[in-house]
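Below is one structure. I have some questions about it.
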């Protein structure tokens, strides 16, 4: 595209700009219509029925406050009246979440062309939020173990409070445990949005499907990627830029990929994986192993292994992804 | 610096703090003046004449809404009245953009010491925004192809809507296509600010000068860097931490670097580049090639190549940057 | 967990949801109490006494405006009245900072079980803020050198203003110099929060303890990690995904790590470190050296070295982390 | 109540305040329960189902913008794109109004103990908003006549725009015409809230039931009261502190007052009523009459009358309220 | 002042404005200093120590929500979780109030030149807020009677909820009962600010010192003035523009007025006072009396009186204020 | 209008509402066009060029802070740094005011069909704001006298600070003195908007043209009206609901009223006017006079007069307005 921005155009005697807005609005409509037609979308008038990133951001902020009132709640909160704050904030967050769950359920129904009565959908949404709410106290207990692990895992950490307030890895695991709970309850889109909120804040990208044991700690964190079917044991510690990914997406017979097949690593208890290591495929890293920085690993290793760049070159000289 | 914070200082009978503000304000002024004198900046009273990051954030948010009203517009929007929303939002965004374009043009003129009449500058700004606006419908059509590619490229994706709502790679490409349009229209500073907004949100750093074909998809994305003169074909897919960079900045005769010389890779159609690969210099990756994870590549490869860490060590044993 | 979200539950004749909020609030309280008991926390009613991330975000935003009024201050500011803006904004920021410093000091005292009179604590806090304020003009002069270095270090940069407005590396170094000043004055928690604000915005993770000379420039930046005891000379330039880390945390006799031991690299003047390089341990990179992309380095190199992946493999064939 | 604020109370060793919050919350609940029991309110859990003053404030602000886009719409609006603004703003306002109408209808149904299906209620609400929307263009035309009358009625007025921007009487009549439209469509509670918004802003208290012809102008306005069944003709002008009230509320047989009986004045075309005049009861002020300042009037006067304090004392020497 | 706005003044070659800000700032300082010197104000550096209108506005809004959660609380509140909302909101409001009370106490101490230890002052403030909080449930019960009276007193009222939501008279009495409570507890400045918030919203001006029985109702209300020492019995009803004022402020011997002397009317139970009536001086209106519209009354009337303009002229022909 | 809201209308198989928005937008456009055609308004595209009430509200708030920094400025301001706050706030307010002045000047030029170059208009606007700014210190000194008068005039006032913080009469006179300054400088529309802001907050309606001496105090204030050509001396005190109005607007020969003719009262020094008094026409109330409550006065009275309802009935038995 060559543009001559000095060409005189006709703004007849007017100081105001003229964007030919009508034309552009019309062309944008055409583009939308073409896209909708391609995708077979009906044109019935209706509200936008997609969950909202902003709404989930508020919900998560409130849930963080309800889970850790004296540390992530409002500045002026006093311990003697915590329960009022927790109850009120939780109620608001759950009601707001109920709306978002309904949006996802009705979106999913439309996507699948299934017919579900509004009452049934509402009932399902209430059930989901109810179960989600019930799980929160247990989730808080697990997070306490995670925070304790972060505190012990970093020699620079001065207190558990500092860890909760500052560490992106802790922020990421709080988001993940909430997102994973939503994922298991059947609202994967909400779960994904929550995961992406954490990703944007911390550079840590954990798929909400990943199954992670307690006492999990990520240090620094930027560039970490953990895939949907990864399974991580207790007391695992990983560093920045570690990938727990799928090895390859080979073309299958009909060209399509079966969804949900286990394709990410299993990391057993007490494993440490240093920065930049890449672990790919449905392999198992045995209990208590240590994976060195920048190691490239696509085969299982037994319990107690200690893998370095040098040792991995010796062990798997031919190894290479796709 | 040794600091004895227990030394008694004189707050004579007052509970209020005393920052010696006058002295500090004076010293800050000296520092500013020294800097301005060094740079030969005139001291004429004038408004701050630099574009605003906050303003561009609002503009981009509105343009996203105007491009995808039912998915990125306001929650309560209904399809039957989309056009009112699109027209009104677009008008507001373009007027705001006009101001930012004027700020950049007058800033650039001052930088170059060139004398341009205010009327001419205003006319240029209007032309730029007009051309930018005209390009939006086409840009929406290309983005539809990108979104479709993202949906097909990730086996975990459930719908195109999820992709648009959640994927950082999609967020990054929307920002890039808007930034690239501004870049080509002669407002590189605005373009750069838009690119950095995406970088901050997603960890994906695409220079607005990069030329990228349709159907482009970045998965996960954190740590991706794409340089100013990179050229990317159709249907290319890349993963997190991929670098398409310049190989080296050798000292030229007079020590200065010629600006704008092609120095980043050309990636032809249908190429896939896996996570962590580093591709440097004005080399060409032939059509349909696959570059494996963590590969370090500084030489061109023909169409249909499949490069892995192992194969690259064999092909280019001496290869090293700088 | 198997969930049957279709199971009928008893919402007796009511359309409203029922979260059994009382039970959940009670269980959350139990979880908090258990945690507090484990940690020996007294139960005396008291305000949340932890610094606030939001407060520090506002303070930093104001300090940026006071340091660079015509470029990071309010859009409508005029040069002739800068000092009023600087004085007023600085005063507000310092008063707000005073509160945050008091929160950290009283938190630290409680953590250590030490008894400090409120008056002494207030006096200490005032001293800290006073010294912090005094250092700002000098800090501005150093930042001017950093910005100049960024401008010269990137062939794509058009002006120092663009660099200040757009470059994440510049944003990170501004945050770091403020955070480092707080760190040295004895408020490491505030320092850490400031560092994490930069980390979230830029993907650049610099520990506030790191000691960095003037003229420092980070390009692109996502994934950079710089450790607490790193020492960096003048005019150093580094690229994205560079790590200046600790080599290893070997188990000591009693299993605990001595805090604050020098364990991160010393980088001498005029060194350049390219993207993805990993430099680990208390080693020294000699003056004027160049470290190539993706190099893995755990031994000192003399002045003027030029290390590439190939050369490092030859030099340190056995090298591996952990 | 004698209060000794110096009495020592027991805050055992704590600097924090202690409001005995649990007791007060409990007592407030008792008070609410007593009130609800007295009024026979069921205790079923349910959302607050009352319209919201804040919501109506936003709706009115948007409707004002849609009615007078270039004068009460956003500052940056341009005439060529008015319709986009009008359409988008109107749509948002009407959707929000729909919610408020539903709240009133369901509230009214509960008050009356009537059973209406949700679908029927929704349909009624849509009908009401649809009719309200249809009436807006006619309403704008009448308001133009009102504004013209205000301009002509005040020798100090410089332009119709000034009148629209500044005059509380104009603000009041805009609110009234919208409120009256809601009143006639069967949502008197919403109508009343709109009327009270105007009352609070202007000190002018017009019951939404009042029937007012075009070209109506209130000057200054503070203290004006116009009752529910008042009927006002064309081109009437009134000044501050004028009351068009009910004469008396005599005790009827069963002690109750029949609602809706005509009990306020009829003011015919072209009447002027000066400041502080009190006109009470279902009397008629004949066409073209002038009622002087502070006049007290409880009997009808023929067309063309000119009533002053002196003349009224002569005409109706025995006249007195109650 | 004659101003020739066409006179050319010197903006030397600059498009920017020049307010000679330094001079004006200096002159404003002189004016402040002169004023402070006149009033003998010391110049010690100190914070502004006056209560804040904005803070009290928030406190009142929260107290209204805590008193009437389902009607003045947040839209989405549900009855089953009211107590959490009430407790949390009340706690926040009382803490905020505590700060404002401390500001008034320390302001009052400075005004009187009295020396009170900070600890004593803090203790007093806590006592005041504690007693204020304790009185809230009783206050709610009285307000329920007021609301009931408003509902019964206006034939146009449809429900107690409408009355609470819409009636300025009800808004004013809620503010008054809170303000009166503060007044009696020794913080008259806070009380006055609360009274003025109501005055600004409703045009009803009740001095916080006025002592008002339950079942009080003001209809319409604009222009009502009730003085500091007025005493009003049970079930009194008054209309707009009624004044219960002091008759006169005669010059006393030394020219000063004794503060707090009873100088406003006593209105006994079951009195009705119609619009515009003026009742002045420490007179008594006997139980069950009716005072007609615009009546001017400066003498006591016995129980059961019915006073009209005509009758008052006959009864008190010489009566006149001042 | 008879409305059957139960009539079935056609929402064909859709749950969404349908406002026939296109039709209504079209009809609103017709109404606007008719109005514009009637008024001979050109249709050239242009920005809304009317001053903004919101902008003036912000300007006044900032000017109040700059005039009384320690009492109306920000809560956390300290006396030692007042000047920074005053300078910065004033600069922002004056720049914002400059824009509003330009809007009024260009609006006025368009209204009068006069042709003024943009540069001339800009210059005029700068002159106006410059003169306005210059007058602020003097204005502060006069306001100090007003505040002192308020403090002395009300036996219930405890301090000058309370008076400044709480009294609507003081709020009104601050607004008036600013508005009057704008009025005299040739921007009557801005002046009027400022006056109406005060009117809405306080119920006190002072035309910005009124000329008012120092030491002026209005007590309570609701319902006060002071006309454009009123002249008020030093140390005058008035009470609520006092009118200083025009006596009558008799039809002149050509039916039009000459603008700006003196038509409101002259009130000499040291006059007191009690509540509800009505003073009409270009009469003079002599120095030191007292006008009693509810007096109706349309003839001049000599110095030292004391007028009551009774005496006025004797003095002017025939007196009546209109």
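So that you can tell them apart, the chains are marked A, B, C, D, E and F in the order they are listed, and the count of residues begins at 1 in each.
Criterion: a residue touches a chain if its C-beta (ideal position, glycine included) is under 8 Å from a C-beta of that chain, and two chains touch if they have at least 3 such contacts.
What you are looking at is a predicted structure, and each value in this text was computed from that prediction instead of being measured.
Novice: Please report how far chain A has to rotate so that its Cα atoms sit on those of chain D, a copy of the same sequence, as a value between 0 and 180° in steps of 5.
Specialist: 180
Novice: Could you work out which chain's C-alpha centre is the most distant one from the centre of chain D?
Specialist: C
Novice: Where the CA atoms of chain D average out and where those of chain E average out, how many Å apart are those spots?
Specialist: One centre to the other, that is 24 Å.
Novice: From the mean C-alpha coordinate of chain A to that of chain E, what's the distance rounded to whole Å?
Specialist: 53
Novice: Could you give the separation in Å between the centres of chain C and chain D, each centre being the mean of its C-alpha atoms?
Specialist: A distance of 56 Å separates the two centres.
Novice: Two or more other chains in contact with one residue: find those residues in chain A.
Specialist: Residue numbers touching two or more other chains: 16, 18, 21, 25, 44-47, 74, 76, 78, 80-81, 83-84, 86-87, 91, 95, 203, 222-223, 241.
Novice: Hey, which residues of chain C end up touching chain A in the complex?
Specialist: Going by the criterion above, the answer is residues 1, 3, 5-7, 9, 11, 17-22, 24-25, 27-32, 34-35, 39, 43-48, 50-53, 55, 107, 111, 188-189, 192-193, 196, 199-200, 203, 205, 207, 209, 222-223, 225, 228, 241, 243, 245, 249, 257, 259, 278, 280, 296, 317-322.
Novice: Where on chain D is chain A touching in the complex?
Specialist: The contact residues of chain D facing chain A are 16, 18, 21, 25, 78, 80-81, 84.
Novice: List the residues on chain F that touch chain C in their complex, please.
Specialist: Those in contact with chain C are residues 74, 76, 78, 81, 83-89, 91-92, 95-96.
Novice: Which positions of chain F touch chain E when the two form their complex?
Specialist: Counting only chain F, the residues touching chain E are 66-67, 69-71, 73-80, 82-83, 86-87, 90-91, 94-95, 98, 123-124, 126-131, 133-134, 136-137, 140-141, 144, 155-156, 158-162, 165-168, 184-186, 201-203, 220, 222-223, 240-241, 274-276, 290, 292-294, 306, 308-311.
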